[in-house]
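For reference, chains read A, B, C and D in written order, and residue numbers begin at 1 within each chain.
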Amino acid sequence: MREAIAEQVHDGDAIALGLALESGIPFAAVHEIIRQQRRDLTLIGPISDMAFDQLIAAGTTARVIAAWVGNVAGGSGYGFRRAYEQAIPRRLVMEDHSNFTVGLALQAAAMGVPFLPTFTGIGGDIVRNHPRIRPIEDPFGGPAPLAVAALRPDVAIIHVQRADAQGNAHLWGNLGLTVEAAYAARRTIITCEEIVPEDIIRSDPNRTMIPGFLTTAVVEVPGGALPSSVQGHWRRDFEPFLDYHRRSRTADGFEAWLREWVLDMPDRAAYLQHMGEAAVERLRVRDEQLAASANFAP
Amino acid sequence: MREAIAEQVHDGDAIALGLALESGIPFAAVHEIIRQQRRDLTLIGPISDMAFDQLIAAGTTARVIAAWVGNVAGGSGYGFRRAYEQAIPRRLVMEDHSNFTVGLALQAAAMGVPFLPTFTGIGGDIVRNHPRIRPIEDPFGGPAPLAVAALRPDVAIIHVQRADAQGNAHLWGNLGLTVEAAYAARRTIITCEEIVPEDIIRSDPNRTMIPGFLTTAVVEVPGGALPSSVQGHWRRDFEPFLDYHRRSRTADGFEAWLREWVLDMPDRAAYLQHMGEAAVERLRVRDEQLAASANFAP
Amino acid sequence: MTAGYTRRELMVVAAAREIHDREVVFVGMRLPLLGFGLARATHAPNAVGLFENGVIRDRPAEAFIYTMGDPPNITGAIACLGLLDVMSLLQQGRVDVGFIGGAEIDPLGNLNTTRTSGSGSLVRLPGSGGGCDIASLAGRTVLIMEHEPRRFRPHVDYITSPGHFPGRRRGGPSTLITTLGVFDLSPTGVRVRTLHPGVTAEQVRQATGFPLDVSDAVQATPPPSTDELAHIRRADSEGFWTRRESPANPLRTMTAG
Amino acid sequence: MTAGYTRRELMVVAAAREIHDREVVFVGMRLPLLGFGLARATHAPNAVGLFENGVIRDRPAEAFIYTMGDPPNITGAIACLGLLDVMSLLQQGRVDVGFIGGAEIDPLGNLNTTRTSGSGSLVRLPGSGGGCDIASLAGRTVLIMEHEPRRFRPHVDYITSPGHFPGRRRGGPSTLITTLGVFDLSPTGVRVRTLHPGVTAEQVRQATGFPLDVSDAVQATPPPSTDELAHIRRADSEGFWTRRESPANPLRTMTAG
């Protein structure tokens, strides 16, 4: 994780993460970015949950391009609010989107086109004087849509259930904007529950959401998305979201939280240890509800 | 099959089929359309293989919107050529596309936008004076792309491995433009190898390529895509493609082929019987190469 | 708690009644989710629910979910697609009704969940999520709000989710369900449909930050039936969404997402 | 068959040499498919192959395939996506090199697979398939053709797959591999790179329907090595693609699709 972030994430980069919305948020990578003190980042995502709030409050972030920034469990993201309302710890530029427009912006980059048309947002303030959204005519004479300009992240960070050593990644459950962002991004970091032999991936090519030639780093980090959920691996852990919500209400509270859960943790293994074995085991999915078999024999 | 075609496919309809390209071509439905003597159809698809050729030669078709019409095994589609070159059995209007532009046209309809931009085809004749493709400006000042107008089929016909009674359909292997067409079409007919209990579908919601509320008819037709392949169920049968290629070289030859394989066959069961049990069994996939398990337990 | 049910339970019932059988519903979390489950269990057994993260369900999750991305909402879903797939279905016009919440509303049904200076100083709210998309693209929308004067404003500071405006292509807010009553929304403004049992016209006028014509003769919101209540309590067995009446509940400012 | 290998085997080797290690290749069927497999097995072990139906492979199928949609091409693939997914990767510029065939070609590398009156009467060909897309969007394209005078025309009747033209955004045909030789293509036209062993300059001039400067001093296409040949013959054990030299072979008019 340490090397992947060191190599792939640079000061000033635009980073897409939290793309599956409330699940599979790559917190291990987020915390490593904070530990490595990246600066002037742009964060891109639909609904970021508290990952963006942590990155903002830790001072890594200059700009956010997102549809919703907060803490799904607690509502407001206090780190986000402090930055936006009071420029603490630094000024934050916000590019507001809806889930659809940020998705279209990523998809335009994924498709290699300058923009995609849409009818969402017309009549509202998101699309008014938006740096990435402009009115456009329908050349076929129909009602005029809006054009959402392509948005190409420098890096997408994506947590999946399994990948092979080449970075071919199987992901199931929530997808959100994961695929669009991986296609759009210049570099893609895959964090995964397990690195598996390539035969596992090849047994189900329709499950490969990210082909390995798009992946620039793959890291095995079991539990790397906790406290968010990972289908078939981890339940959502509610309490850390509420705890973060309470403690991040003040800048001092945030600093204490940050020290405890990020700065004092050398890596994700330490984080899991700090959670405690009982907590980890309580969240681990042990039941099996397997996908019905699909035969790929030729 | 008979009732599904009677209810869902009308004279003058625009029908999308052959969407997964060379596999899963819904020949059972194609032959039923011919038996029911539909007229003035528009056929929509990327690479149609001999399904379009048969529909054209049988006189059902007024117009084709496609990227490639022929017989992948044999090259030329003689029925298509007779119609295009000599208006036999009737005049055929051809709207030429590339695979990408016909896909974008369907995807525009699927997305509910009037057009999608692209850079494909610039400098070539497909996009010149095309009824569905026009130059457009990039409102953000970049190079000017083309706009491909939305194309909404009246019906999409799709063959899948399994569906439940509500039409929620699992499809694996080749996808091509299947999903885009099902989303774009006003009505969707699913033909499937088997209708399964809904629990099978729900065990793997990421495998559901077509949600049932888009499906207007679901028909169990094992072998309904033969002689094309169906991953995990049927190998491709090469000989019928070559046989059709040889026999369709003349209009009379086509008529004899049509009588033998379509008009004299009341339904797909009769078709399989006419193939002969040995042939059917030779094509049936008996090996198992199952997708690696994916756990959906919460 | 009034007459054996909470206001929020009544709001769930009102939400359920906005869903007709066979409709495709863009479901939000919390009360709309419970309303969807209730509608399916009663008068709309063939309704289908879409979630903006890509999930399509024809029945609620079997275990409690806190977010639409929680694993029980995926397990047993009909389909789990991408965000753009369900947004495309929405933009195409395949969604009959969508539910949205907001922090502030104006008489045209414009919702603000982005930023407000209503209380004097600038407060940044989380943003649209999918709210703007549902408001823009669904066949009609049902809005769910806390009924407080500071939330009902003549003009909102920021229109996150557009309400009625001239030239609207489709849809718009049709119904507003609040903690005090149920209201019809149209391009001409807000009209009271029913007030919740025990709520007076004066109370509503006081709680609405813009002029609203309310007569004392308006009918009462039909209370939940025993069956409806039983269903809601099975679905929200801890009363997590339906009984927390505290104004400090931070969930209130969440979007539908 | 010349010197222990067929022309088509030589063409496969020439195609393989157009693929560099780590490149992303839009693979066609037939000779390019064999070329991709050969390149992977020799000098380009990390090349990745995309097929327009959505398949991504890093090694050829284990059984013979007749179309890119045949089941063995899916079994063991890295990924099986939709057509638009791979076309998007192509349009984005993620594909280094694509292979295309055509029925007719002009000196700018424009290909026609749509319709021709070259033989006097109108002949309808199958159309573009993905050929136009690969020609328009790949980082560079390699064209594979039968070298016959009626196919090499000063101007093609219909430009299905655009070659070089002023204002081209990206790419364009870089190499033409024919039954007679290997040629460089550029905005300034066709230049001979090598002629296949035994082919004379005069033969090429005769077989090219537009003026072409060919010197007798041009080098010979390097023949397949023993290893290369062994690999090709394992991959195409029936000689299905590599030994059918009959001009009646109907497959010749197929596009890359």
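Everything below uses one rule, namely that a contact is a pair of C-beta atoms (placed from the backbone, for glycine too) under 8 Å apart; a residue touches a chain by one contact, two chains touch by 3 or more.
Please read these numbers as outputs of a predicted model, since none were measured by experiment.
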**Prompt:** Comparing A-D against B-D, which pair counts more contacting C-beta pairs?
**Reply:** B-D
**Fill in**
Rounded to the nearest Å, the gap separating the Cα centres of subunit A and subunit C is 27
**Request:** Indicate the whole-number Å distance between the mean C-alpha point of subunit A and the mean C-alpha point of subunit D.
**Result:** 41
**Asked** What is the distance, in whole Å, between the centres of subunit A and subunit B, each centre taken as the mean of its C-alpha atoms?
**Response** 37
**Item:** Overlap residues in subunit D, where contacts from two or more other chains coincide
**Value:** 55, 70-71, 74-75, 80-81, 84, 90-91, 137
**Numbers and ranges of subunit A residues touching at least 2 other chains** = 112-113, 118-119, 143, 172-173, 175, 179, 201, 206, 231-232, 235, 285, 289, 296-298
**Asked** Quick one: do these chains touch in a line, a ring, a star, all-to-all (complete), or other?
**Response** other
**Asked** What chain-chain pairs meet the touch criterion?
**Response** A-B, A-C, A-D, B-C, B-D
**Message:** Residue numbers of subunit A touching subunit D in their complex, please.
**Reply:** 109-113, 166, 168, 179, 183, 201-202, 205-206, 208, 211-214, 296-298
**Item:** Of all residues in subunit D, those that touch subunit B in their complex
**Value:** 52-55, 66-71, 74-75, 80-84, 87, 90-91, 110, 114, 121-133, 135-137, 158-163, 165, 167-169, 250-255, 257
**Asked** Mind pulling up the subunit B residues that touch subunit D in the complex?
**Response** 20-23, 46-47, 66-70, 72-77, 80-81, 84-85, 94, 96-101, 103-104, 107, 118-126, 143, 172-180, 228-229, 231-232, 235-236, 238, 245, 285, 289
**Prompt:** Touching subunit B in the complex: which residues of subunit C?
**Reply:** 24, 48, 55-56, 58, 61-63, 70-72, 74-81, 84-85, 88-94, 137
**Asked** What residues of subunit B sit close enough to touch subunit A in their complex?
**Response** 112-119, 134-136, 138-140, 142-143, 145, 147, 149, 161, 170, 172-173, 175, 196, 200-201, 203-204, 206-207, 231-233, 235, 285, 287-298
